[in-house]
Each structure stands twice: as C-alpha cells, then as structure tokens.
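Read the structure below first, then the notes.
Chains here go by letter, A, B and C, matching the order in which they are written, and residues are numbered from 1 within each.
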Amino acid sequence: MMTSKEKVAAVEKFAGQVVEVEGRSLWQDARRRFFTNKAAVVSLIILAIIAALSIFGPLLSPWNYADIDWSALSDISTLGRPSIANGHYFGTDPLGRDIFVRTMQGGQISLMVGILGSFVAVVIGTLYGATSGYLGGKVDSVMMRFLEILNSFPFMFFVIILMTVFGRNILLIFVAIGAVSWLDMARIVRGQTLSLKNKEYIEAAYACGVSTPKIISRHIVPNVLGVVIVYATLLVPNMILLESFISFLGLGVQEPMTSWGALISEGAPNMDVAVWQLAWPLGFLVVTLFCFNFLGDGLRDALDPKDR
Amino acid sequence: MFRFIVKRLLEAIPTLWALVTLSFFLMRFSPGSPFTSERGIPPAVLANLQAKYHMNEPLMNQYFHYLWDLLHGNLGYSFRFSDYTINQLIAQSFPISAEIGFWSFLVAISLGVLCGVFAALRQNSLLDYGVMTFANIGMVLPNFVIAPLCILFFSIKHHWLPAGGWNGGAWQYLIMPVIAMSTSYIAQIARITRGSMIETMHSNFIRTARAKGLPKARIIIRHALRPAMLPVVSYLGPAFVGIVTGSVVVDQFFGTGGIGQNFVNGALNRDYSLVMGVTILIGTLTILFNAIVDILYVFIDPKIRL
Amino acid sequence: MKKTKTLIASAILAASFGAMQVYAANVPAGVQLAKDQVLVKGGEGEPQTIDPQKVSGTPGSLRDRDLFEGLYSEGKDGVLVPGVAESYTVNKDHTVYTFKLRHDAKWSDGSPVTAEDFVFGFQRLVDPKTASTYSYYAALAGIKNAQNIIDGKDKVSSLGVKALDAHTFQVTLDHSVPYFVKMTVNASLFPAPKKVVEKWGDAWTKPEHIVSNGAYKLKSWVVNQKMVFVRNHDYWNDKKTVINKVIVLPIIDPSVEYNRYMAGDLDMTSNQGIPTNRYHELLKTVPNQVKVTPALAVYYYDFNNQKPPFNDVRVRKALSYAIDRNIITKYVTGTGEIPAYSFTPPDVAGFKAKEPQYEKWTQAERNKKAQELLKAAGFDKSHPLNFTLLYNTNENHKKIAIAISAMWKKTLGVNVTLDNQEWKTFLNTRQLGNYQVARDGWFGDYNEASTFLSLLDSNSSQNNAKYKNPAFDKLMDETAKVNNPAPYYQKAEDLAIDQDMAVAPIYQYVTKRLLKPYVGGYMPNLEDNIYTRDMYIIKH
C-alpha cells in the first residue's frame, strides 16, 4: 500500500524536478502561490512594519534609548506608567528609560539575531543533516557523533573564551548563536532523509547517475523543507532569548543598548508592579513570532513540491 | 538490532573521550579559575590550594590524572562545594531533575501531540488558530516568566501550592516546576506535529486511502500518525535529554536542588570537575537517546536501514 | 604553673571582661511561644563549605554561627558576648590574650570542648594542608608565626597558640592587636573536633559525620535545596535555647526569596532579601516586617590609578565629585542605602571618619568643581574624556553603572562605554588591572577600620585600584604598632580619599531583611552576626 502511493509521489516529484530544470517557472509558481496566501502576506506586511518601526520608531519619540528620565526615577510604578503626556508611550524601565524607544532599538538586534540565527540553522543544519542521512554508514556515524559532542559540550565556556580572545563584538553573538542553533535542525533533517532516501525517485535518480551533491540539493532538501521551515520558526524565539543569555556572559549587546530578550528578562520580575516593562517587548515578540509562523506556513505551502 | 547496539556502544567510547578532552582543555583556557575570588587570595594560600587539587602540575598531567580517575568512575571533588564529590552531587541532584523531567516529558508529549494532531486535522479552523495561538505564546513565554507567574498566582495570591522546595517530590511541589518546564516543549511539539501531520495528510497514500473510503479515524491512527511522528521523534531525542537534565531557571525559582543549575553555575564558578561531571552525564544521555531515536526510526519506517 | 604566674601578672594591667551578660533567647514575660519552634531562614546561597576553618563567605559563616561557637559571639549592636570563653585577660601591649573556657561547653557527641580543640582549630586554619582561603585571617589577626606557616616556612606547631590547661587557651600575637577578641567572632577562629576531622578528612562536615559545639547540629543537607539543623542538647546553654529546628534555604536571588517569604515558606530572609522593586510597596503594606539596618560594607568604584588618565588625581576627583550619591541611594538602589563619601563606613567601631571636604558641599558645588578639575586635566568638549566602565553582570550593578555614566555624561560630557563581564572573568580582569574604572565592594571581615583601609595598602592583594602611596603604607604600618590607631586611620582616610581619591566611595550597604512578626529575638548588628539561639517563635 505504501509503495503505490510512494510511486505516485515519486513520479510527481520527478516531474517537478524536470520542470525546475527547464526554467524558473517553479519559483515563479511558488511566488504566485505565496501571494495568494492571505495570512502569509499580512504577516509579511506586519513584519515589515515591525522592522521599519525598529529602525525609524526611535525618531517618533522625544527620548533616546539611553536617556534617563530623572523626573520619573523617584517612583517608576506611577510616574513611569505609559502616558502620552510625558512622551513615554510605553512607559519606562526601572531606571526611567523609555520602553518604546528601547523596544524599537531592541527590535533591531533581536530581529537580526532571530532571522540570521535561523538562517544559519537552516542552511548548515539542512545540508549537514541531509548529507549525513543520505550518505549513511560510517560517514553518518562520524557526523552524528560529532553532533552529539557539540550537543553536550559546555557551550558557556565557548562563549567566555570567544569573548576573552576577541573582546566584545556584536558580530560574535552570531558566531555563538550560529554554533549551537543548527544542531537539532541537523538531527531532524537527517531523520527525514533516512526515510526519504529509500523512496523510489531517489533510487531512480541514483540509478540515472545523478551526482550525490545534486541528489541532496535537488531531491532531498526540497522534500524536507516543510519540516525545516516549521522548525526554523520555532528557533526564532529561542535565538532571541539565547542572545540575552550570551549578553549576560558579557559577549554581545552592551548596555545602554538592549534587545527584546534583555527587556523581557528585566521586565519579568516587575510583572506585577510595572507590567508594561514586560508586556511591550513580550507583545512584540509574540506578534513577530505569529508572523513568522504564518510566513513559514505560507512558504512551505508555496514551495512544497507535492502540494500542487 | 543487536549489532546496532554493540556498534553504538563501541562508538560511544571515542565520542565521550573526545567530549571530555575538548571540554577539559576549553575550560582550562577560559579566564579565571575556581580560586579566583573577590578577596584576592595571597600567593602562598593560592599555592596551597592548587597543590590540594593537583592544579600546580603541568596541564597534561592533570588531564591524564582526570582520565585515570574517570576510568575508575571517580569524578573528583567539587571546587565550589568543597565538602562534596561530584559523584555525590550528581547522585543528589540528578534524580530530582529526572523526576521533574519525566513528568514534564509526559505532559509535553501527550499534550503536544494531541494539540498538534487536532490542529492539523482542522487546519485553518478556530480550533487550529486557538491551539496555535497557545503554542506561539507558550514558545515566547520564557520559563523565567512562567515560573514567577505561577508562583504569583498559585502561591502568593491563593496559597494553593508551596512557592518552592522539594519535599521528596510530593505532587504539590511538582506542579509548578512541571508547568514551567513543559510549556515551551508542549508548544514546540504541537507545532512540529501539526506541520508534519498536515504534510502527511496531503500525501498521496492518504489520498489513496481516503479514495478507498476508509473511515477517517482509521486513516489517521493507522496510516497518518506513524509517518507524521518522524520529525517529532527526531526532535524528542535531544529534547528529552534537555528536559531530564533540568533547567537553571526552574531550579533557582523553585529551589528544588535539581541538576540544571549545576551546569550554568558550575561554569560561572569555574567548578571544572562539576561542569565536567554534568557534561559527561549529558553526553552519555545524548548518545543513549539518539540511539533510541534511531531505533524508533525503524519502527516508524521499516524501510530505514541503520 | 609558671605560665599562670605571668598570666596573673599581666592580668593586673589587663582589662578583664566578666560574664556579665549571657545571651540566649530572652523571651520577654507575657510572650506566648508557638508550639512549633521551627525557623525557616534564607541562607544567602549555598556555602562553599561549612568547615569553619575553610569558610570563606557569608553563606558558610551564617550556618556556622548556628552549628559552632567560638570564643566570643556578638549580640545586639555588635556587643561582644562570651561564647565558649567565659572571660579573657590581655597583657598591656595587647599581644598575649588568655581565654578562660567554660567547663560545661560540650561537643554534640558529649565530649567537652577544651583548649586543645581551639589549638587544633587555629593550627588547622594556617596549615597549608588545609588550604583554607581564609588562612590569611590568622595573619591578619597577628597570631605569631601564622604567615610563616602559611608560606610553608615553619611548622604548624610553631603557631602562637597554647592550651595552658584543658580550659585555658592562650594566643600570642606578633604585634599589638587591640581588637583581637572581636576577631574571634569569625568562624575561622572556631574550635574544631580533632578526632572527627582526623577520622573523616574532608568528609567530616557531612551530616552523618559532623560533630559541632553550637546550639544546633546538622541533620541533613541537600545542595541547592536546603539544610536542616536540629537542637544540640549537649550545648551548654541548651536550656535557654527555644527554637528546635532551623531550615536554611540557599536562595540567592532576592526576588525568589521575596516569593517564598510572601507565600509563607520563609520566616526570615537573608540580609539582601528585599528586591528593590518591592521595597516601597512593602513599606506601605508590612512596614513592621521590613528590617533595614546599616551594614559593615561599602560599594565603590575603582579607578585604575596606574593608567592614564586615571593616574591624574584631578580626573579621579572630577569623576567622584560628579556622582550624585543621593540619587543613587534614593532612586537607583532605593532600599535605604547610605551615601558614602569616605571609604570606611562611619558605623565601624572605634573610629568615626571625619566628613571629607567634598561631603560638605552641595551637589551643585561638587559638579562645578568637577567640571573645573576635568578642564584643568585637559579634557573638554572638543577633547572629551572617553573610557570604559567595567562591572560584573548583575541587575543592581548594571543600574548603578548606567545611572552614574549618565551623570558623568550630563555633568562632564564624558563618554562612558559600559562593559559587563560574568563574575570570574570580571575578577580576573580587575585583578590584572586591565580596566579603566571598575565596580568594587567590600564587606568588612571584622568590626574595625583596618579591614577597609588595609585594602588600599600597595601590598594588599585586594588593592584593585592599584593605589600606591608610600605615605599611606607607612600610616598603615604605624596603626599596627599603637594602642589607639584611630588618629592614624583618620590620616589614612584623608590621604586616600580627600587628597588622592584613590577610589570613589558610592554607598554604604544595608542589611535589608524581611522578618515575620512572629519571630522574636532578632538583634541586628553591623556584620549581620545573627544567631538562631537568640531567637524564638511567638504564637501566631
């Protein structure tokens, strides 16, 4: 029973590849399908707005992200409340700094970390996992054991050493995050690949003499994209929160600059005395994540070769 | 199968050795030492301390010394908790984290899969959106927000549950740690299950089965669920290790005495032997559970050859 | 016998302190005690060890104050209270102290606490084999030969301690230390049970092995979870002890302690147990449970005195003057901290530092002076001062650093880059002097000014500011030779702060604790030497 539908899938799949080889119509097709997905398009627009706000938002406020409002400092839980009158649209943090501007400025860092981190995870994780799973045997063993070592490795020391060797540098956050983000992705992709590689169309491609890199990139990767995209959207919030931990160790974002992760961890203890300190950055993070999810679903539907 | 297990066991030895070696040297090269303290220690005292922990010997000697002890199952004395050996610390804290982890895992997997499957079956329905909203919020809410939120509600407002402690793992003491631990896992499992289930339901063999007129429940349980679980199972391997080895946030907020904080605080305190002990534990569990995951693959898709 | 004679001779000149007050739980008449005498208290984190000679931080001393008892203890407002010693005598130049031990003092296995146990404890402290980080305390106390033994140059038995008989313990110092008895309050100078230590080695502190001489004994210990103490019925003053069981929770984070306290899991928080963001609310809702008292500790910023531009006193002064300490203590730390202008906290016993000159000015005057000084040092708008401020990752340090750098920016146009590092990296960087300005703080080891001022001695391993002034070192050497060192302390203080501004004192810490109203017998003091045996639970 399995085989018959597998065959259909294989034929369809193979047809898809042929189309792709012939021209760019697959991508055009994907784009067309993506833009008919309303949720995905709306998400894209909202994300664009959030990104634009992160960059230009600070211009809308009389405050700078580093400014302390000395007049609000004496009683943050009342004077630091969100208000239009004093220019603190989102209220202030425990030091009287404007949450609106800080959320926007933090957005720049967090969006960058989230997107780049996930991008690294997708690229390295997918290629690594697909290669390991497809090649199998000794290569798979070595690659997977290497992954296990990295997985159990005391990551904090890596961060601390990075910092002492290179000093504080915002780019190092990406090195540190990139180093860990792809590990689980690689395992998931490998699992899918193990199952995929027994499919007839892969065997057919192999029989036709298609080279290994080509089988991986043309036949395996497109078929694991669905899972990859879902998992990539899961990674976004993890990356954003991981960044604040890395900054805690002294690498990365430095006060008075901030990030959503840092704002959330600062706001958490004040949730019942100054809820706005937690609610705004958390709200932005939730909305961003929603958008990434719908975007991910839209992308998957658009790119899914089986789903046409 | 037997050959597979033997092979994995043999592979585990060089893997662990590489992990130990890499971690050992990386730790020694990081700034500060277990004895760095606010009170600058006079050189003579420092020398005495180093002698006690063999830290005055060349690094290679220390390394072989460590390996030798390790072969005898001796993980050494803790630098930070100098009254304890690492074996004692792990024996004390790991069962606690494992118990929290076991329940969290059970909750996460059952709720996560259930939510994911229902959301997928009713794709784009109100139920789907509801579940996914919960999942998204669950993913974004870090445990350092969930934990104080729980305490605020259950302990301070209503006095229903103790705000922390362990008490031999009595259920009242387990509830909040399990909530804090499992929420994000529920959310992630639900997301992966949903995505994978949708994909499976769109695949041709399900269409065929539907065309044949098989009842829906049967299609889902007999045909769809198994292949849809593949990515979930891949995810659960490392996730399980993460869950049973605890979380620093849960341990610190609830004062459970679990092993989670030992990894982070051990690193912050440069407690080399403690971090090493926990690293070895995590490494062993990772190797073990990845092997289990690989075996599960064969059950899910018998065509997979290991 | 010969020894006793010299002792009597010196006793004629010596100040003698009798056992006029014996502290224990003094339950006022009319107070009804609760049936369940259990105290759950915050433990300031997990101790490194509870071995008295190895204890090197407050979490360990906190527990040892319940488990063990030294020669003397502290009572209300830091008054010395006899412990195992009933009384002591001292010779004229404060170099030989002779303690009379009480006969009824016992270990928890029933054996008597003898002078030999103190000899063993003191020797153990300096023994290189013990490798105690606190061994320097013996040298600091001036015990004869301590430094040589630590350095491995002399035998342990050559330490200046002697058991004249089973209940007479004598300590010989190599220089005059008038405050030596105060120093015996510290856990490192507690006795140690020789037989047990020798039998079990490093494992003697485990609940199943430990023998202690305090009001309590250790029943169980789960790292990072809790420690349980129960009454030691062999304790000499057991009949006056009320609380039966003590549970110590090793919580570090004040907001976690607050949670546990509010949920009713905790009766008494640790000495930093009030989160800043709750303070005002608590003052309104439960003012009688908020206990804030000055602490023997100072928060300050180190200038790297060896590195330009901080080798210029004008720059150091300008930066120090421009810190508005009132704003910091009122709004940033905001839990009753006291602005500090001198390095030694004014509450320290025996020496009250005069107000330095800049303390008398208004902040506006200070700011103006600061601007002038910085300009004179060659920094202005076109050539601004830029530097990095280093602190260890911590919410409180971060807030202070942000506020102070904002003040510097506002008043002086200085551009400060903040740099946080995790604890050990931070300590390493600071000790090596790879910083420009760094956060620092010091909790006094004992209630005397030298515990602070000696930090600025150029030989001190804790001189993080790398302050080197031979005149200052000379003054500190003088203090060790005289009976009344206060005038020298004043000169040292004038030199280091008023004249050189080696560091910028910012505030004096406070002990801030939440205490349930049903806990009686709480007697706060500067060093937070609180003993559970003095406390009792009122019926509630």
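The working rule: contacts are C-beta pairs under 8 Å (C-beta built on N, C-alpha and C of every residue); 3 or more make two chains touch, one makes a residue touch a chain.
By chain, UniProt protein names: A = Oligopeptide transport system permease protein OppC; B = Oligopeptide transport system permease protein OppB; C = Periplasmic oligopeptide-binding protein.
Keep in mind it's a predicted model, so treat the numbers as computed, not measured.
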### Task
Please identify which chain has its centre, taken as the mean of its CA atoms, farthest from the centre of chain C.
A
### Query
Taking each chain's centre as the average of its Cα atoms, which is closest to the average over all protein Cα atoms shown?
B
## Note on the structure
The pair out of A-B and A-C sharing more C-beta contacts is A-B
#### Entry: Cα-centroid distance, chain B relative to chain C, in whole angstrom
39
#### Entry: Centre-to-centre distance between chain B and chain A (centres being mean Cα positions), rounded to whole Å
21
### Task
Indicate the whole-number Å distance between the mean C-alpha point of chain A and the mean C-alpha point of chain C.
48
### Summary
Multi-chain contacts in chain C, i.e. residues touching at least two other chains, fall at 255, 422, 425
### Message
Quick check on chain A: which residues sit in contact with 2+ other chains?
### Response
160, 164, 269
### Summary
Each of the following residues of chain B touches two or more other chains, namely 30-31, 148, 152, 268
### Message
For the complex, give me every residue of chain C touching chain A.
### Response
255, 275-278, 280-281, 327, 330-332, 393, 395, 398-399, 401-403, 406, 417-422, 425-426
### Task
Show which residues of chain A lie in contact with chain C when the two form their complex.
66-68, 70, 73-77, 94-95, 97, 160, 163-164, 168, 247-250, 254-256, 266, 269-270, 273-274
### chain A contact footprint on chain B (complex, rising order)
7, 11, 14-15, 18-19, 22-23, 26-27, 29-31, 132-133, 136-137, 139-142, 144-145, 148-149, 152, 188, 191-192, 194-196, 199, 202-209, 227, 230-231, 233-235, 237-239, 241, 263-264, 267-268, 275, 279, 282-283, 286-287, 290, 293, 297, 300-301, 303-305
### Interfacial residue positions of chain C with respect to chain B in the complex
46, 48-51, 54, 56, 128-133, 135-136, 147, 150-152, 202-203, 205-206, 222-226, 249-253, 255-256, 259-260, 262-265, 422-425, 427-429, 431, 441, 460-462, 464
### Query
Which part of chain A faces chain B closely enough to touch in the complex?
1-2, 4-6, 8-9, 12, 136, 141, 144-145, 148-149, 151-154, 156-158, 160-161, 164, 183-184, 187-188, 190-192, 194-195, 198, 226-227, 229-231, 233-234, 237, 241, 264-265, 268-269, 271-272, 278, 282, 285-286, 289-290, 293, 297, 300, 304, 306-307
